[in-house]
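Lettered A, B, C and D in written order, each chain numbered from 1.
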Amino acid sequence: MTDLATDICGIPLAGPVLNGSGTFDALAARRVFGDALVEEFPFDCYVSKTITMNPRPGNPPYRLWETPSGMINSIGLPGPGVDGFLERDLVGLSELGVPLIVSVMADSAEDFAILVEKVAAREEVSGIELNVSCPNVHSGLIVGEQPSETEALMKALRPLTSKPLIVKLTPNVANPHEVALAAEAGGADSVSMINTVKAAAIDPVSNRAWLGAGAGGLSGPAVRPIALAQVRAVSSVVEIPVIGMGGISDAESALEFILAGARVVAVGTENFRDPKAGKAVTDGLPAALERRGFGSLDEAQSATLA
Amino acid sequence: MTDLATDICGIPLAGPVLNGSGTFDALAARRVFGDALVEEFPFDCYVSKTITMNPRPGNPPYRLWETPSGMINSIGLPGPGVDGFLERDLVGLSELGVPLIVSVMADSAEDFAILVEKVAAREEVSGIELNVSCPNVHSGLIVGEQPSETEALMKALRPLTSKPLIVKLTPNVANPHEVALAAEAGGADSVSMINTVKAAAIDPVSNRAWLGAGAGGLSGPAVRPIALAQVRAVSSVVEIPVIGMGGISDAESALEFILAGARVVAVGTENFRDPKAGKAVTDGLPAALERRGFGSLDEAQSATLA
Amino acid sequence: MRAEPADRPESPPAPFGRRLCEVAESRLAGGYRIFTLIDETGPVPAPGQFFMLAASGGWAGEEGRPYLPRAISHARFQEVPDGGMRLDFLIDEVGPGTSRLAAMKPGDQCWVAGPFGSRFSLPRQLNEDAAGAILVGGGIGIAPMAVLRRELVDRGIPSRSLLGFRDQAHSGGVEELFGCDEIRLAFEDGSAGHKGYVTDLLLQLLEGDDSRSAAVYSCGPPAMLEAVRQICLQRDIPVELALESPMACGYGACFGCAVPKAGGGYLRLCIDGPVVRGDGIASAMAGEPAVD
Amino acid sequence: MRAEPADRPESPPAPFGRRLCEVAESRLAGGYRIFTLIDETGPVPAPGQFFMLAASGGWAGEEGRPYLPRAISHARFQEVPDGGMRLDFLIDEVGPGTSRLAAMKPGDQCWVAGPFGSRFSLPRQLNEDAAGAILVGGGIGIAPMAVLRRELVDRGIPSRSLLGFRDQAHSGGVEELFGCDEIRLAFEDGSAGHKGYVTDLLLQLLEGDDSRSAAVYSCGPPAMLEAVRQICLQRDIPVELALESPMACGYGACFGCAVPKAGGGYLRLCIDGPVVRGDGIASAMAGEPAVD
């Protein structure tokens, strides 16, 4: 059996498969599936749903729309707010047996700083992902669209913690590598990508926008070719590791991201089709590596794409 | 039978269905299908493949990759160059019995100007589409990514002809409406959108980039939700009409674009699946309009999306 | 008799992951279709619970839809002597997902995850004074009502079922899923039973009855559910509704199935429902797709 | 006898659009599969031409692929007394598209566009001194060779067929599609016929023969085609090859099927091919997907 052990920003991982933020609520899953969820936890590292300063109800329904080979969501970051999360949820998440990355997002650099400090202070937390790219929240400027804004934000947050800071990039820009380079220059330890692609749908009956929030973000296999292009463009210019995602549905597609330059991968929408999708990806990796002629995960991670 | 007659930038059309540039070679189709191609021509207006200054061989193979509900192409604008096109192809295209829009693209404003002047001089030509968005040609700056560049280009070209100038927008920007507003400010008569979305694929055998040119553009139903969002974002801010496209595969999806704010639509990738796809869209429109409660095409065109 | 309505009975955890189950049968039932899966590993599902289903081959039509699994309530279960269960589902073909499920043939495989979600309470848990249960079902919503009715019969709890349909085509499954005891039908087109809405029957019943001893359960189209909810709220009658909402995952992962709560905010219908108390939500019509 | 090799015979225009044809039969043929469509409106296809095929239901697997139609050469046609044609196709299941086509059952419908592309020339058109034809086929590439051979038999033109296979599993269809006259087989694994490459047989034949009277036709894996091409070019023997390349449309619309021309630039294989002269292209291996 091929050894899949690896690491991301110094966090040791039993394998290269994370979940995409917001696509797997481990606490709800434990309620539904019982302790089997923990015993067979499908990811090598758990990324929380994006946490905000204050509790948020999320966007009005409808929040989902199925598309050809994908879906649009407009969830709007419902959640208990950072304090509720740290008080109530973190304990449960620390029982999962895998390293924990907490995703945070705020409207201002000041609030981002508060979130980072509060979250980093907790020893259960191995890393922090900065969501500067959510298309479903009306927070005015999307920091992640501007390299200069991204760099400034990173410079402000970097001194606050020695824990890994991961910047989640938006795909909705002309040149994601510029934003990635800015994140790196500002001190980011890693970039994760892609977040969802801006998308819309029309109600088949009422002729109005289907989504309660008007528009949302596209995910699933439909966006995989877009994600692969962006992962490749970014990983070929930055030194920091890339967490690749966008439409990964099996080991083969996960390996494509690694060949495109990602160090590790995350499974998002596929979790909705199969609660154990993360495990299915991991289980398929040794054979997928072999089919493509790699003796180890490391070989594939260090392959460079011609 | 519902009357589908409409117009785009003053060009009267028997119906609202165009082809996407580069997705239907009417001259080749006539060789293959004979005169039936002309007798049952599937579009209400024909848009040529993008024409360049000089003949181009196009990109090395492979140029195609099938994706979940879509495809990536990296064709690279092969063609006879503007003079070859005007000498040899235009006569054949003028026999199609529908208005003709010629798509052009150049590396510089000067060359764009030459193309526009040469093409506009021909009476067979009803309008000119400016392709400032092709992801498959390495021409340095993609004009269509910068609102200021787009506006400057338009201001340079506008005085050269009174024929309609249509700007084909790239989807690979954070805010397509800014580019659209710039095109409008520069004097464009219409914007067409979306061109293909930057995408990549990995060779399943060699672990290299599959496409000869490294990357390409995604099209087909997979991108439809992205196109709908962009058409909506653009049409809600510009006054000029929008030509909507991106994954249209039937009358229902065509109508979604009209509800999102497009005046007319174009069929691209679906032509590859069905050579008469344009006609299938047109034929299905009356029933689709009725299903959604519209008495006429015009009613749908003037509906505003809540 | 307890002083306070107790919690609902607990439902067992669902097997983690999804599993392939074989299609044993598929048959027309009026305008609907009933198909049967053989589930060898799942626990006995409770009334109101649902499964996420996806045909294992060709789950994707001409255009990459259906892509996500579809939430479907079970309409009946029967334990099989040599282990496992027969699960019946009642399907209304409204789009690519339900059509693909309905097209499965015996021997085909179907991905199954679940059972998921909350179950109906027992009448005494809903209302300590309950004398029995009133079940109000409409259209495809008769499926969970049929399961609840069976459980009540098994437990010896009296129930009366009021079932409403637009027309004969939208009444599939009644004969097969319901016994003939204590059932009253309403057809909007007057083709059988009472001509009109099922809520007419409910109102008749509640007028004759002592409302204080009623416990109402309902599943059906949003407009019907909201009418039932209003009738009960106005009379202070405890009511549980099985709602629908677009779902991607069914187990709390996507936050997509939001339904507005009574006090503001949203619940996740897949884990906080699909069975909710009438006074717990803002409306039965807000979280539903705009289907007629 | 004409002084100059003439143009290829013209192929009739394809019906504009695509049409539904019924699957009449589907059967295993060694490691391959042969299925039969009833085409009621298309013209008789010429040897070398191909069709774009897509199963009409479930053309899209778990993940929205296959999405585009697939280019498939016909392997045989037979006019049906009451109008129309039986079209046989030989299928190698290498991915989602060919697998879905192979899974079609009698009575299923299949979208068909075509026949498309160029046909093989007749021997005298290729080489005015031709005494007959040498057909070199490999693997799935025996399909167009079989059609060409039948035409030559019908026209009374002598031909010899050399067919090469990796192993028995990759030799499906030989018995059914070829008569037993003048056929020589090569198997790389030595399981039958000559042990080795079909090009060995070709070399033997050309050594014995007067090369000046040869006209060679070939279809098969890229490496085999390139070997045949080199053998012929070196000996100045006119050769026509039926190539493959990824295709989206099949009728010249997408410019995706580029194959490098001898003098630089690219041809569109769907309309300038799939049958090309050996000296017209830069290599038989450049426009092919990287399949083994």
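In this text, contacts are C-beta pairs under 8 Å (C-beta built on N, C-alpha and C of every residue); 3 or more make two chains touch, one makes a residue touch a chain.
Only a predicted model underlies this, so the values are computations on that prediction, with no experimental measurement involved.
Q: Among all chains, whose Cα centre is located farthest from the one for subunit C?
A: D
Q: If you average the CA atoms of subunit C and of subunit D, how far apart do the two points sit, in angstrom?
A: Roughly 56 Å, centre to centre.
Q: In angstrom, rounded to a whole number, how far apart do the mean CA points of subunit A and subunit D lie?
A: 47
Q: From the C-alpha centre of subunit A to that of subunit B, how far is it in Å?
A: 34
Q: Please tell me the distance, in whole Å, between the geometric centres of subunit A and subunit C computed from their C-alpha atoms.
A: Those two chain centres are 35 Å apart.
Q: Going by the contact rule already set, what residues in subunit D reach two or more other chains?
A: 60, 63-64, 67
Q: Using the touch definition from the top, which residues of subunit B touch two or more other chains?
A: Where subunit B meets two or more other chains at a single residue, that happens at 65, 67-70, 204, 220-222.
Q: Edges wherever two chains touch, nodes for the chains themselves; is that graph a line, a ring, a star, complete, or other here?
A: complete
Q: Which stretch or stretches of subunit A touch subunit D in the complex?
A: Checking each residue of subunit A against subunit D gives 68-69, 221-222, 249.
Q: Spell out the part of subunit C that touches subunit B in their complex, as residue ranges.
A: Interface residues on subunit C, with respect to subunit B: 63-64.
Q: Going by the contact rule at the top, pick out the subunit B residues touching subunit A in the complex.
A: By the definition above, subunit B touches subunit A via 65, 67-70, 72, 142, 145, 170, 172-174, 197-202, 204, 207-209, 215, 218, 220-226, 228-230, 232, 247, 252, 256, 259-260, 292-293, 303, 305-306.
Q: List the residues on subunit D that touch subunit B in their complex, please.
A: Listed in rising order, the residues are 13-18, 54, 60, 63-69, 111, 113, 116, 245-249, 251-260, 264-266, 268, 271, 286-287, 289-292.
Q: Which stretch or stretches of subunit C touch subunit D in the complex?
A: Spelled out, the residues of subunit C in touch with subunit D are 57-64, 67.
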